[in-house]
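Sending over a structure as C-alpha cells; questions will come in a sec.
Letters A, B, C, D, E and F mark the chains in the order given here, with residues in each chain numbered from 1 onward.
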C-alpha cells in the first residue's frame, strides 16, 4: 500500500524515513484519509531499515489541524452520530498519535508555516520538534468548536499558565521562536534551513543503534507517563465530545457550515455573537 | 456588600470584572480584611455576567504579600494562639486561592511593581499572569519568617532549581521579563501598557462562551492536580506553622516587632545575627 | 580522613564548604575514588558548621562524567561481573547523588568547562546549579555506551523534548546560556566571574538559619519526588545495565578499549560502524 | 435554619452530631432539598461544639441514591438543559461530598437497609462507614442511566476488579458483611445494634481533641488525594453527563418515565430491550 | 482465520464470546501460537456483536503460564538473542494483555485448576476474574527464572505485602478462596458451577449497552493507570530481561533443560543448589 | 559491635538472620539504643551471608512502640528542644525504617503479643509480616500524643477507611486475624507455631538467590513508591512535630509524666479531660 498513499508521501533515504503530508491545497488539514495513511506508514516503518522518522508538511504549512472545512466530516459529526461514537472518533486520533509516542524509532516533527490545533497534538507526542523560526503555532482553533482535547497536552510540556493562554484565547498564535523558548519545540531555524537542519539531526541520531535508542526513548517516556500523559490525552476525548453537544459549540459549528471557516472566524471575532 | 468593599474595589465592565487591591499605602499587603473581601467578590462573580476576572493592585505595587508590618496580625500570631490555629489560618489562605483555581471564570493576575511572597501564591493559582517588564517579584520575604509555604507552589511551574534559588536566598528578586522566561508569568509588557494589554486579552478571551472556557480550565487544571498541586499547597500550611515555632523564626519575628520591617531587613542582611 | 582526600579537596570558609574535584588531568572524571571521597565529605558536612555546600571542578572542567577511559573500571565492567552487580554499581551512584538531594544543607553545583553525562546527574540532584556562560554541557556521552540512566533525570527539569534531543543525539552539547534558558541551570555568568558569583550567593543563602533552609529544601523536594524523581533515578540503573549487555554497546566499549576514547568517537562519528 | 430542616434532621448530643436523612417514604433518595440541607448542616457543624458527625437514614434505608423517580429532577434533566449544566449539577454533588471529606470533624456514615448508587459516593467520601450486616449495597443503579461517576470512587478503596463487578453488572448488590471484607466499610454489626455501636465509637473518637483529629484526618486524606481521588471524583461528572446524552441512556430514562422505576427495572432485566 | 485457531477456540453465543485455551496436554501453557491467536481473537471481537468476552482454559487448568518446558522458546531465549530482543518479546506479552485492558468489551477471566505466573498477568489485566474455589494460583514459577515482571502487577491489586510473599517464595500457591479474600479475584464458586456462574454473570452484564459499558470501563481503568499500572507493566519487561542474563537464572534455565521442569523443581527445592 | 548489642540480639543461622528485640521488661519499646542497634545490624547484614532477615520481639510482645514511659526521651522532648530538632528525630526513625524497605535482603517481621504505634511503622516498611492469630495491634497509642505519623502509612496498605478507624479511635486494637484480612499482615498462625512457620518461610525464600530477590523487591517497592509512600512517611515527621507543640498534646504528655502511662490512659478514657 506504500505506493498507494495519496494524502501523505513516504520516502526512505539514508536510514531516515520522511513522511510528508500531501494535502497542500487544504494546508494539510488532518482528514480521515491522511490519518489512516499516517497510521499505516508508522506500522510499516516499525520493521523497516530506517532509524529515524521525520514528519513534515508539503506546501505552505505543516498542518492546519483537523479538517474543519464546512464540507468536512468534523463539522456536524456529533449531531449525526451518538456522543460515544464522537468520543471514540476523538480517542482514535489520540491512539494514532500514541503510535508515534510508542514507536520504536525516534520521531521528529519538522514544522513550518501553520501548525494549528490538532496538528499540535501530533507534535506533543512526537519525540523532537524542530520549527521554522517564523512558524505560526496555535493550540486552539480560531473558532472554539470543542475543548479540553489539545491544551492539556500542551500543559504537560509548557506548564499550566502558557497552556491556558493558548486555550482560553481562541486562535492565540506563537512563533517558532517562542515555541522553543517555552520548550514546546526543541530548536528553531530559519524556514529555508529547516529541511537541511532536520536531515543533519536525523543522520546524527541514526549513528546510534535502534536497540539503544528504543530504550532511551522508553525511559524518557516513562517520566511523562508517570505524570499522567496518556490518561490526560485519552480523557480529552470525553471532554471534547461533551462540549460538541453544547448549544454554544453547535452554534459555532453551524456558523462554519453557513459562512465557511473564514466567514465564521470574522463573525466570531466581531464580538457580535450572543451565547 | 459589593458596595461596601474597602480593601478592594470591584468593577464590572464589558464582561470583564476588575478586582483591584485598594491598600496602596501598605503596598496592598494582604491583611484579613482584604482576603475576606477578595473571597466575597469571587463568590459574587461566580454568578455574574462577567466572563473574565482580572486581579490587580492600585498604586505602586501589585501586592507586598501577607501584611507583616510590626502592627499586623501576622507577626506574633503563632505565639498567641495554638499551632493548629496558626496552621488553619495559613490553610484558609490556600483555600481562598483555590477559589481562584476552581472559579468557573478565567482569572488573570495583572502584576506591576512589587509582587512578593504570599502575593505570588495567588498568582500561581490564577490562570494567566501578565506582568510589567519591570515588575519586581520575590517568592521569599526579605526576612525569612516561615518556609515551605510558597516556593513549592513555584516549583510546580518553574521546576525545583529556580524555586530553590527563590526560596533559599531570602528576598531574591526577579523581573517581570525573567518571570516570563521562566514560565511563571505568561507575557510581559511595558508597565504603562499593562492595563490596556490585559483589557484586550480579557476581551479576546470573553469571545468564547463561559461553558466552553469552564471545561477548558478544568481540563488543564487536572494536569497540575494529578501532579499533586493541591496537596502541595495544603501541606505548606503545616510546614510553615511548624517553622513559626522555631526559635530562629521567633527571633526574626521579634526583630520585626522591635525595629520595624526595614530595620529588620537591614539587620538580617548585615550577617550579624547569631542563630 | 578529611585531610587524606586526594580526588577531591574540601575547604570550609565563612560558613561555606567548597568541595573541589581534584583530577584535573582527567577532566575530573568520576572514578570510584572520587565518588567515595565525595560521599565521605557529604557525610562529614552534615554535622559541620558550614551552612551551604558548593561542588566545583579544578582545572579546565567541572567533570567529564564517569571515567570511561580505556583503562577505567567502567569499560568492560558488565562483562566481567554479573548484570546485577553492574546494576548495583550504577544504583550506588544514584544513591550517592541522593545524598546531595537529601543533604540538610543547600548544595550548589558550580559548573565551568565540560560537564558531561554522569556529571549532569549530580547537577540534577543538586539544589542550585550556577554555570559559566560558555560551559559545555552534554547528557549523553559522545559514544553511547548505555542509556536510560541520565536523560530521564533531565526530563524531570527540562521536559521530554529537550531531554530526548540530548539523549538521542549522542554527545549533543548545549552552552551554559542555553542550560539556563531551559531551567536546567539557575543562573549563567561569565566564566571568570563564576567563583565570585557563587561565593556571594552562598553567603547570601547562609544568612538564613539551617533549620529553616532544611525544611524549605524538603518542601520543594517533595514536588519532584511526588512526580517520581527518585524512582526514575533508580530505574535507570536497570535500563543501563541491560543495555551494557547488548552487542551494540559491547561493540562500542570494545572500540573504546582498542582505539581510546578519542579514536572511538572519531570512528563512531564516521558513520562507518555497522550494528 | 437548623430548625427548618425538612429533608434531614440534625441532633447534637454529647459532642456527637447526628444528621438523619428524613425522607423515609422515598427511601431517603437524595433530592435537591436534601442535598442542600446536608450542605448547610455540614457548614453549621464546622464551628459547633460537636466533635464527631454521624450521617444515617430514617426508616428502612440509609438512602436509595439520587432520586430517579419518574417525577424527579434527575430524569430528563440532560434533555432540558445544556450538557455543561448537567455536568455542573453532577459536579456540585461531588463538591458537596467533598465537604464531608474536607470537614474538620470526623464523619461516620451509619448504613442500614439500602445504600444505592449516589449514596455510596457519600460513603466513600466519609471517613468511617459502619454497616448493618444485612445492609444492601449497590454502586450501579438497577437501570444504568449513566456511568463513570460512582464506581471509579469505589475503585480507590476496593480495587479495580470489585469496582468493575459492581459497575458492569447493573444493580449488583453486596451485603454489609461483604462490604467490610472488601474494606469499603469498616465494621459490620447486626442491624439492631448499629445505632448503639456507632454511638459508642463516636464517643470513643470524641475523647481525642478536634485539633489532633483534624490533622490526623488531613494526613490520611493526603494518601488518597496523591493517588488522584479528587480528580477522579470530578472527572466522573463529565463522563456521566456525556453518557446522559447517548440514545441508550435516553431510552432507559424514557422507560423510567413511562413505566415508573419498578416497571423499568423489570423490563430492563427481561433482556428484551434492543439497543 | 477464526476457523483456523488451533491453540484456542472461539465461540460466540447469546452475545457472549468464549475464548477457550486449547492446549490441555500442556496445561494451556502460553506459547507463541496461543498468544498470537488470542491477540487475533481480541481484535476480531472488537467489532463483533458480542457484548462480553470470557477467557477460560480447557482440560485441567486455566493456564500454567508461559511455556517453560525444556523444549519451549522461553528457555534459552535470552542466550540466543540480544537482551533488547528478549525485552521486546516480554514487552509484546504485556502489550497483548493491554489489549484486554483496553478492549471495548468487558473481559472476564474464568479460572479453574492451575493459574500460574504469566497466566496471572492476563488475569490482572482482565476486568473481572471468577475463580473455582479450589483453583491453584501462583505468581512466581516454581523455579524462579526471572523477576519483576509479574508480582508488581499483583501489588497494584493486593498490596505490596501479599505480592512480596507470592514473589519471594517461589511457587507459593493460594487457593481461589484466598484470591477472592485478597481482592485479586472477584468471586469464587465451586469448580463444577464455574461455567454456569460465569455465563449468568456475562449475560447479566450484557443487559447494559456496550456504549455505556465502554465508558464505565475506561473510567475505572483511569484509577489504576493514574497509579502507574501501565508503566509498571512495561518496566517489568526490562527487569525480567536483565535477570535472564544473570548467572543465577542461567543456572536455573540450564537445570530445566537438563532435568525437565519437574526434575528442576525437585532439585531447586532440595536446597542443594549453590548460587 | 555485633557482640555488644544489648537492646537487640542478632543470630545468623542457616542463611536466616534473626534480629530479636531484647527489652522484654519494657515490652520491647523502641528507645534510642534499640533503634541505633537495629540500624547497625541492618547495615551489617547487607554484606553477610544471610539471605533473609527476621525481626521479632522477646518476651510477651513484638514491641509496644516508641518508649513513652514517663522516664523516656519521648515525653517532653519537644519542649526541651526546637521543633525542627523534634522533626529531625522523627524523620530519623522513618529513615531507619527505610533501611528495612531498601535493604537488599527480604525482611520479615514476626509479630506476637503487642505491636503498637511506632512498631507498626516498622512492620509497614518490612516486606512480609507474619502474625500470631492473637496478636494485639494498634496504630494509635492509647493516649494520642501526636498524629499523622503512623496511620497514613497504614492507609497505603489497608486503605483510608480502616486507617482512619485505627487513627481516630485512640488505642483501637485489631487481632492478628483481622490484620491478615485487611492485608496489613500476610499470614496468621497460632502464637506457638509462629517461630516455626516463619523459619520455614524464611528458608523457602532463601532457596532463591539474593540477586534475584533483590530485583523482585525493588520492582514491587516501586509500585508503592510511585504512589507516594516515601513522601508520605517523611511528611509525617512534620505533622507529628507540629502536633507535639499543641496545648492538647502537651496536656496529655504532662498527664503521662504525672500519672505514668497506665494512670494517663485511665484518665484519658474517663472522658473527664477538658481540652
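Assume a contact is a pair of C-beta atoms (placed from the backbone, for glycine too) under 8 Å apart; a residue touches a chain by one contact, two chains touch by 3 or more.
Source: prediction; values computed, not measured.
Visitor: According to the touch definition, list the chains common to the neighbour sets of chain A and chain E.
Guide: In this structure, the chains that contact chain E and also chain A are C, D.
Visitor: Could you tell me which chains are in contact with chain E and with chain F alike?
Guide: Shared contacts of chain E and chain F: C, D.
Visitor: Please state whether the interface between chain B and chain C is built from the same residues or different ones, using more than half shared residue numbers as the mark of same.
Guide: different
Visitor: When the C-alpha atoms of chain C and chain F are each averaged to a single point, how far apart are the two points in Å?
Guide: Chain C and chain F have C-alpha centres separated by 36 Å.
Visitor: So how far apart, in whole Å, are chain B and chain F when each is placed at the average of its C-alpha atoms?
Guide: 41
Visitor: Let me have the rounded angstrom distance from the C-alpha centre of chain A over to the C-alpha centre of chain F, please.
Guide: 52
Visitor: In chain E, what residues contact two or more other chains?
Guide: 82, 84, 87, 181, 211, 215, 218, 222, 226-228, 231, 235, 238-239, 242-243, 246, 248
Visitor: Which chains are in touch, pair by pair?
Guide: The set of touching chain pairs is A-B, A-C, A-D, A-E, B-C, B-D, B-F, C-E, C-F, D-E, D-F, E-F.
Visitor: Which stretch or stretches of chain F touch chain C in the complex?
Guide: 82, 84, 87, 211, 214-215, 218, 222, 225-226, 228, 230-231, 234-235, 238
Visitor: In the complex formed with chain E, which residues of chain C make contact?
Guide: Within the complex, chain C contacts chain E at residues 82-84, 87, 235, 238-239, 241-243, 245-248.
Visitor: Can you tell me which positions in chain A touch chain B when the two form their complex?
Guide: Residue positions touching the partner: 144, 147-149, 151-152, 155-156, 158-165, 167-170, 172, 181-182, 227-228, 231-232, 235-236, 239, 242-243, 246, 248-249, 268-269, 271, 273, 275.
Visitor: For the complex, give me every residue of chain E touching chain D.
Guide: Where chain E meets chain D, its residues are 106, 127-129, 157, 181, 183-187, 201, 203-205, 207-213, 215-224, 226-227.
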